[in-house]
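Two complexes, one shared chain (chain A), two partners (chain B, chain C).
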Partner chain A sequence: MVKITIDGKKISAKEGETVLKAAQRAGIFIPTLCNNDAVKPYSACRMCLVEVAKNGRTKLVTSCDYPVEEGIEVNTNTERIQRDRKVILELLIARTGETPELKKLAEKVGVKEVRFKVRNFDDCILCGLCVRVCDEVVGAHAIGFRGRGMEREVVPPFDVENEQCLACGACAEICPVNIIDIFEHDGTRELPKWHKKSRLVACRVCGKYFATEEEIEMIRAKTGLPDEILYVCPDCREHNFTI
Partner chain B sequence: MIKTTRPREGFLNIFAYQTVTREEYFVRGHRACQGCGAALGLRLIMKEAGPNTIVVNATGCMEIISSPYPYTSWAVPWIHVAFENAAAVASGVESAIKILRKKGKIPEDKEINIIVFGGDGGTADIGIQALSGALIRGHKFLYVCYDNEAYMNTGVQGSSATPYGASTTTTPAGKMSIGQGYWKKNLVEITAAHRIPYVATACPSYPLDLMKKVRKALDADGPSFIHMFSVCPTGWGTPPELTIRIGRLAAETGMFPLYEIDHGKYKLTLDLPNGLRPIEDFLKVQKRFRHLTKEDIEVIRNRVQEEYDRLKKMERFTQEE
Partner chain C sequence: MPQLPVEPAKAVSEILSRYHGDPARMIEILQDLQEIYRYLPKEVIEEVSHQTEIPINRIYHIATFYKAFHLEPRGETIITVCTGTACHVRGSFRTLDLLSERLGVKPNETSGDLKYTLETVGCVGACALGPIVIINGKYYGHMTPDRMDRVLKRMGIIEKYS
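On to the complex of A and B.
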């Protein structure tokens, strides 16, 4: 156990834990956009800035990837942090326009007006959660970043439909600003952002669509199960079918 | 062609579940029966609500199993109250927080969620007037009714949320009786009639859908209500390993349709392109419905279809406006 102070509150954190985790467990609010337990910290959104005082010096760090150390003093809401957070959020809003999620966060952080010209040329905030969940959780590596600076964007390779994408929808699920659409109609699942169209597999017993063809292939490659199990939806599987 | 944005459930999304937080606020070691649907739902709801939550728990299964003296399963502040006044106590908690905010003892920007857990007996029978009062006063809290369709912790006595034809110890099936003789009370319509911002039905068999609804309810600008279908293997006479599947069957057969009413707008959250599943799939796995004859099932089917059609009509009517 490591003893740290957050906002004047003495907290014992686990060794190797990040400051963000320790604060969240103690019920101290730190705004985040690009953080999720399922993937490694990436510190892209910079919303979780905190001030860490160590050996008489203070510095601004991102709390999502800063490990706790014995005796550090953390402040989550000083004037300096508030000022920096506001600028970062205003820049994000200038980039994406006022999406509902950012608006909600702006209220919390205290952004009253955006001092930059709102250009709204892309809805993506480039947090990289979809890219990371595709790499680390799904393991498909179907999307990635392209370009630099203002032209940076998330695309599948060459911005065309690719075979690696399972159309599983984990990216749509994890997106903090809800901009990855996923549609299901007439037995196909469509992810327009990745130009992906995938056929859905209907259950052999009840006829309900329950997975995409790519997902079934992936499970077959990993487990080697026969078709009688793979093409039957989890609800229709008999007792002896469950693995 | 029906286009639905982000169909979070209804398909086998193997990876999205892994993005759910690993933190637990309703921790292991409680004494729920094997295969308890309500305990699972509680865990998921608490994951979404997070640490800044005050739980008000009416007497019922979840209170019994989570707090056997001297242990507790709650990693958040928790208060146990009587059957009838859970919503009233939640109003008090909310008012106290308001006053403490005014006095500066709680920071203005600190978000505190108040969640009430009540069983179907504590909500539909005993606690309904306290709930109605709290909703009409507009206190900001989330009321979760975990509905296992009878008084389970005292030994399966029928409540007004018990479905038609179910056999319980107070409504036993026999030569002269079909079991429960009247229809399930429609709690969602009752609470929605108070014109509160958010009312929904949910089921822990669809975890992401449940968590999404909890998030919406906590973000609502007033009281909110979630009616959670909780499979009870002990009371219903179902195999404990089939809890998840029975929850899905209930949603797919239309016995417990999943929908939400967001500021008066109905929305069915589970797409059933092929229509409802045959109702026998749901009834035949349960001991409490074992005595039903074909004619009885026909009666139930007609009623379920009628309700579902009505929901579809309401959805079309309110979404078009």
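On to the complex of A and C.
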């Protein structure tokens, strides 16, 4: 156990956990955009800035990847942080326009007006969650960053459809600003952002579409399960319906 | 798509052995490959991924992050015009316009026959000699449209195009 203070509250944190985690467990709100428990911290969005005081010195750090240390004093809501947070969020809104998700966060952190020209040239905030979930959880490595600076964006390699993408939709699920569309119609699932179109597989018991062909093949390769199990949807499997 | 001069599988395995297959040397690996092909063809990047077992999205990220890597075919002759501040105020854009007209390519494009690539660069660090034009690695200082025409003539480029 590591003893730290957050906003004046004494907290015992777990060895090796991040300041963000410790704060969340203590019920202290720190705004985040690029953080998700499913993947490793990435500190891209800078929303989670906090002040950490150690040996009489104070510094600004991203709490999502800052490990707790004995005796540190953390402040999550000083004037300086409030000011910096607002600027960061205003810059993001200038980039993407005021999407519902960012609007909600803006209200929470007290952004009243955006002082920058809202250019709205891209709706992606480059948090990297979609890339990381595809790399770290799904293991498909189907999308990644391209370019840098103003031109940085997330694309499948070469910006063309690829075989690695399973059309599983984990990226759409995790995107904090909800900009990865998934469409399902006539037995296909489409993710236009990644130029991906997959055929859906129907459950051999109930007939409902429940997975893409690529997902089934991935699970087959990993587990070697027979068709009788692979082609039955989770619902039917739970109720022990078999082919 | 032009035929690749060296088979990707062969080129990649040869260059990887130079770095003992150490994927941490990715930038050098890509640089060496670019030397062979003058750009990084898709097939080559796929082959690097295949042989190093590094996912292709990582390699593509690296290859698109650094301006030194090119993913589109480049010309046999690469003409680079410095448009940094010092060269710009001395009129490098006039030379650029001339080159664009003579070669029939827009700045930062390659001619359809893959003969010429005309590109601009922010600053080459030789401001005292500006405006600078670099032709296949050779530096020409104090460049003016007139001098440029003479250089093009000497290189046998201009007859064909004017």
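List of remarks:
Criterion: the second predicted complex is superposed on the first by the 236 of 243 C-alpha atoms of A that agree within 3 Å, B and C clash if a C-alpha of one lies under 4 Å from a C-alpha of the other, contacts with A are read in each partner's own complex, and residues count from 1 in each chain.
The definition used in the following text is that contacts are C-beta pairs under 8 Å (C-beta built on N, C-alpha and C of every residue); 3 or more make two chains touch, one makes a residue touch a chain.
Note that this is a predicted model, so its numbers are computed, not measured.
Of the two partner chains, neither chain B nor chain C is touched by A:61.
Looking at the shared chain after the overlay, A:229 reaches neither chain B nor chain C. Once the two complexes are overlaid on the shared chain, A:2 sits clear of chain B and of chain C alike. After overlaying the two complexes on the shared chain, residue contacts for A:126 are found with neither chain B nor chain C. When both complexes are overlaid on chain A, the residue A:157 reaches chain C alone and has no touch with chain B.
Looking at the shared chain after the overlay, A:144 reaches chain C, while chain B stays out of its contact range.
On the chain C side of its complex with chain A, the touching residues are 42, 45, 55-61, 64-65, 71.
Touching chain C in their complex are the following residues of chain A: 131, 134-135, 141-148, 156-158, 162, 164. Chain A makes touch with chain B in their complex at residues 24-27, 29, 36-38, 104, 108, 133, 137-138, 168-170, 172-174, 178, 181-186, 189, 200, 206-211, 215, 219, 233-235, 239. By the touch rule above, chain B contacts chain A in their complex via residues 1-8, 11-16, 18-23, 50-52, 109-111, 208, 219, 241, 245, 248-249, 252, 271, 273-274, 277.
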